[in-house]
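So, here come the structures, one by one.
Below, chain A partners chain B and then partners chain C, in two separate complexes.
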Partner chain A sequence: MWANFRRWKWVCLLSSLQLTVLGLLIMALLVIGGTILQADKGIYAAQREVFQSWVFWLFGLIPMPGMLLVGALLFVNLLAALLLRLRFSWSGLGLVLVHVGMLVLLGGGFISSNQSREYFMTLGEGESSRMASAAREWELAVWIESGGNRQVQAVDIADLRPGRPWSVPGFGLELTVERFLANCRSLAGAAPGETVLEVAPANADPAENVPGAVLNLRGPQGRTERFSLQAGDEAPVVQRWSGRDVHFSLRLQRIILPLRLTLLDFTRTVHPGTDLPRSFTSRVEIEGDGLRREALIAMNRPLRFRGYTFYQSSYGEDAQGGASSTFAVVRNAGRWLPYVSSAMIFFGLLWHFAAQLISAKKKSLPEAKP
Partner chain B sequence: MPRWVLLGLGVLACAGAFVPAACRREPRARQYVESGTEVPRTPAAARTEQTEWNWENPRQWRQETGTGLRLATFSIGGGNSKGQCALVPLPGDGGGIEANVLRWLTELDLPQFSTAELAGFLGRQNQLLSRDRRPVTIIDFTTLAPGPLNPSLMVAIVPAGNQTLFVKLSGGKELLEKNRDIFLSFCRSLSRGG
Partner chain C sequence: MTRKAIKPWLPALLLILPLLLPAQDSGQVQFKSVLILENGRIKPLDTFARNLLKQFSGRSTFSGQEASVWLARVLFTPGQTLHDRVFLINHSDVPTALGIAGQGRQRYSFLQVEPGLAKLRQLAMQVAQLDERSRSAVDNETWRLYVNCQIYIRLLSACDFAPAVEPGSREPAGDEAAVLAIVPPSEAGTEGWLSPAAFVAGPGREAAAAEVLLLQEAAQAFRSGQDREFSRALGAFNRSVQGRLANGAAGGQVSLEIFYNGLDPFFKAQLAYGLALLLLLLSLLVRGRLLPRLSLMLLLVGLLFHSSGLLARMVIMGRPPVTNLYETFVFVAWVCVVLGVALELAQRRALGVMTGGIAGLLFLLVAGRYSMEGDTMGMLAAVLDSNLWLATHVATISIGYAGCVIAGIIGHVQIVHRLLHPGPSPFRALAARSLYAVLAFGLVFTFIGTVMGGIWADQSWGRFWGWDPKENGALLIILWCAIVLHARLAGMIRELGMAAGAVVSLLTVVLAWFGVNLLGVGMHSYGFTSGIVRWLLAYIAVEIAFLAAALYLARSRPVPRGASRGAGAERT
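Here is the complex of A and B:
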């Protein structure tokens, strides 16, 4: 059975070294192409187009495999080579480990690409917060206010497909996006307070867009409402439903962090004789898990707390000379996988070369003469 | 277990990772409680001093990426007659006008001025106002260049609070003279802040 299986052409192709080399070559070309594209279109567009896509169109005409497709192909290729070509024995354990390590590396890259989330938190000196917001991803937030707090139900706007209803949990409301506009301008409508959204050309970087949506709302007793929301509009739309004021807002995604961060002090040092920053350092106070302690966040010196990593991202100065510090807050489920895979590859190669050495030594020993 | 079964299972397991997300009919809601008074500042509120200068890009010049000390670099002309314009902000007065003029003379391989000559040369230079009403001193070295192809300079110096912006147009004398009006318009378009 096994011998027959290995005779199948497609299996040989799938597990072939030629496919590995081809995949690595395309990967290298994609890295070069993505780097060139980044100078022209910006880092976000280049990442989306080349590194986070399955297929993209070169010059808008030629279909090209994206990094996800090439990565998936290499993953299957390595898996096939591992299962069909390698010998599962003590002497072959090194190569098995190397292959598994590379699979973990590719899988980790895929997990990071899909699951990693980046948020930003900007604090002035003396300010504190436990909230961070995304730079490009938007959410539709629905809330009621009680006791100075907001009970928020939010959904990522990317998850709301036009025509597919969303039952807002705990509100008895069903919300449907009639139309989503990636970038729009608002115009005053005919009726007082009415806003009409006009489509604007979308920018390559979503951070430069102001999205909008036309929503249909269905409530108890079949009451329906139709209204539009424009992102970035600080004043939410408020409607009265079942005796409560319900707020609707299209805004940058927010997360509540498991800690409260207070910026105690921000220091910036510059290269002598210039205004070019050499380093930024933020002295912060962390309050969470029943603890309160001070920590430093600096360039190449992030703070890690309960699965979140806080990087020093940028800084600002207001007109009064007050400093503010911006942290990139990253949550990445696959954060440890590159370390695991590197260790596996290292020990795999060590095992393999040690096994080769021992085998060579055994062969070179003089034969015992009678 | 045969290896081909293992391979199939491996591929199926990978594909299976996508199925739950693809089959989800209802968007996944997130629930949280936020303080009514706590509004996150957006990163856009953070602004570095490097971005504080604004200007209008001249249509005839090609902007390149600003590197190192430079806020921006424009390339001018083409073929055998190329030049560039660079914007460099420096803290304080950037060394002072007199010291810089003497240094630029050395760069251009021109004879040094005596104190009286330097005062006379600076007295002949023009001043204009930037968009935000800051005085802009234009130091024009083209009058000193002996031939049309000799390297020359036009420098605009804009003091602005704790720093001074130097706009340095360099290239052959002829090219600079052709671009003089564009350079002056560019200097008038400069402003600092939001």
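Here is the complex of A and C:
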């Protein structure tokens, strides 16, 4: 039964070149569509709707395969072709290498789009921190303070769906999100200590949104409270539970880095007589792993440390001449995969076309004589 | 062999010869070598004058004289230039709106424009309020004229050595000081430079006072027509300034740039490519091997100029060949011609000369239009400042573009040939083989270049791929080439389908190259963006006509079934 599985119809279809051409065509159309969408609605919407989606809704009505689905299709097609059709010979080695490289590239792209996390860290000159925060992912943080120490619990706001309670570990509280507002403003005229939120139209890029939530809390003796929380820099909501002040805040997700970074100095140079920037350079001190050293972070010169990479992202200058520097902090488990796959594809193509050239020469030699 | 190899050098030498002869008026030579700081780059005044005159009038000479002669007159005898017709107005609505005499696209003198200056300022302020993308052609032209008039007015007084106000009583405004920044105020010359008038008016700076006196003497000599004195004073000025600049422009690079400007290598290359194509056309009428050989030779002559121009730019800037959009045109044109020559040497069937000549000529013409915008040798923003990645990523992807372009042109040739000669043809079979090879070449280099771009992005922004329009454009080229090559492998398309596919691959290159720039960030150009959209649409219309022709061929002639299906599929 398995002997001639190569001839099964669906196996043939899966490994067929026709499927490759179709998949590539759809991918090309998605690239065009996504680019036009991007010019219209911004990069974030284009990524969410086309480039990082399984299904893409054309005009909001017609379901079309999204980039992930087409990628998966091509991945399977490629794998099937590799196992069933490609010749493993010296002259075919180049093409095999190219297609294995493509598999790694597609897989790596998938891993990156799921695993890669980007955070930001802004430091003034002389400041130091071991914390970075996300650009658009929010978390609900609950903490108590005692003697300068904070006991904090935080949860990703995306996991707090209305109706699903979160029992805050160590606090004896149960928290339910009654309503989540992707973007909101707080209404003026509310009583002191009370926030009333109003829904605002969501922005195309969630980084510009100010989310809010209406929360229900249940405590030890069946006591319940209901209050609103708006994200941002405003003071956290404080409530007294079991004789302790409990703080609630909706804030950008934070991570603790395996190092402490201190900005020693930020310099920006311009081409003389113009505003055209020539370089941005941050001199920093790294403290971690029991060592302390100075390092430079500049354009095209990131700093790498224990799986995190720090890039010079932007800067600020105040009227007093003080400068601040913002770093993008990226953690991407699949970071090295594109390098491996590109090298494979590069050498594969080189091998393939060199082999073709040699065989073409061999063929054309007898023809040349008459 | 040796005789054949030497030949192309001879006409080239003849064209360069006038430049090697000793210059006649040495005062002008010294004037050209005066250093100026503009847009962050220290360059010879010759370059400044040419770019300025081109920006004003669309030409790099004025009434048969070099741009530097005109600039010297503006600076030292300003009153005599008020009648010079140097202000080109490209749109007839502009003079009407300003209420000045004259109509249509023509050149105006400052005195002709002057009555409308107040109105011009008012209109320009309105344009400045508009978003750059929503400006009309008239808006852009108004703004261009306003900017040019402002520059001209400032130039008129840039060498005013007797300021109306007390010296040191005021700090010149930034723009005013920067219009003719030829005096480095500080010892090392690292901060912004000043115009002579701004220097004289500014608070007491001692470092360059003697130099400004020399300029004053030069101006005096120019007015009284004493060329020897003019030359002496400017020579002393140049030596003094160059002596003060610790690591500024080296003398060798400055004279190379002046030589490059005078040689105008890309124009000469265009000429040679155009002639080569003309001879090729003639060879259709006149039999024999002389004309095809001559046209290849002309292509090589053009390539020689083209290469020397590229090389000169690399030495002057200390950069790899491609750092901005202008240079992509020059470089892709160069690679196309190299590919054409390689094809010709391999096959000797005129296909290489034709494709290389067409691509070289067209892209150099486009580059010429871009050079109207000002200095094509600009300084780089911080993120681009990496010779390693410029040399690898940018150069590689440009080579990939060139491969797809040549493949696309061969596709056109095949379709036209088949329309004229429907029967089987060994020439088309040869062309099909070349097309396959060049398209594969294009795919390989575009792919490698794109991946290198990803690695660069990973190094500088922390992401390999971000679905940026430019990245998508490159991806589109790769996908399309892969589609064509796989469809051929699957037997879905044959000769005609490949030809149509190559035509589309040329279209994707053009879209990725400039279409993408129009989508997002508006191109930094005056009156060119709207023009380019028109050209782009016209080009797309032509390509649709070609694809329709391919479809017609596939349907109407008894050709193998595969080709028919293929041409249909390419239209999607």
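Operating definition for what follows: the second predicted complex is superposed on the first by the 304 of 370 C-alpha atoms of A that agree within 3 Å, B and C clash if a C-alpha of one lies under 4 Å from a C-alpha of the other, contacts with A are read in each partner's own complex, and residues count from 1 in each chain.
To be clear about the criterion, contacts are C-beta pairs under 8 Å (C-beta built on N, C-alpha and C of every residue); 3 or more make two chains touch, one makes a residue touch a chain.
Every value quoted in this text rests on a predicted model; they were computed, and no experiment measured them.
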Fit-or-clash call for chain B and chain C when the two complexes are aligned on chain A: clash
Contacts of A:L264 with chain B and chain C, given as first, second, both or neither: neither
Contacts of A:A182 with chain B and chain C, given as first, second, both or neither: neither
Touching partner for A:C12 - first (chain B), second (chain C), both, neither: neither
Contacts of A:I43 with chain B and chain C, given as first, second, both or neither: second
Contacts of A:S112 with chain B and chain C, given as first, second, both or neither: second
Which of chain B and chain C A:A295 touches, first, second, both or neither: neither
First (chain B), second (chain C), both or neither touched by A:L79: first
Partner chain in contact with A:L276 - chain B first, chain C second, else both or neither: both
First, second, both or neither for A:V214, with chain B first and chain C second: neither
Against chain B, colliding segment of chain C, chosen among 151-159, 223-231 or 475-483: 151-159
On chain A, positions contacted by chain B and by chain C: 39, 273-274, 276-277
For the chain A and chain B complex, residues of the former touching the latter: 1-2, 5, 11, 39, 72, 75-76, 79-80, 83-84, 120-124, 129, 131-133, 135, 139, 143, 145, 148-156, 159-160, 164, 166-169, 252, 254-256, 273-277, 313-317, 324-326
For the chain B and chain A complex, residues of the former touching the latter: 2-4, 6-7, 10-11, 14, 25-38, 40-43, 45-50, 65, 68-69, 89-91, 163
Touching residues (chain side chain A, partner chain C) in the complex: 16-18, 20-21, 24-25, 27-28, 31-32, 34-36, 38-39, 43, 46-47, 51, 109, 112, 116, 118, 270-274, 276-280, 299-300, 302, 309, 311, 328, 330, 332, 335, 338-339, 342, 345-346, 349, 353
Chain C residues within the chain A interface of the complex: 37-41, 178, 181, 190-193, 379, 381-383, 385-386, 389, 440-441, 444, 447-448, 451, 454-456, 458-469, 472-473, 475-476, 479-480, 482-483, 486-487, 489-490, 492, 516, 519-520, 572
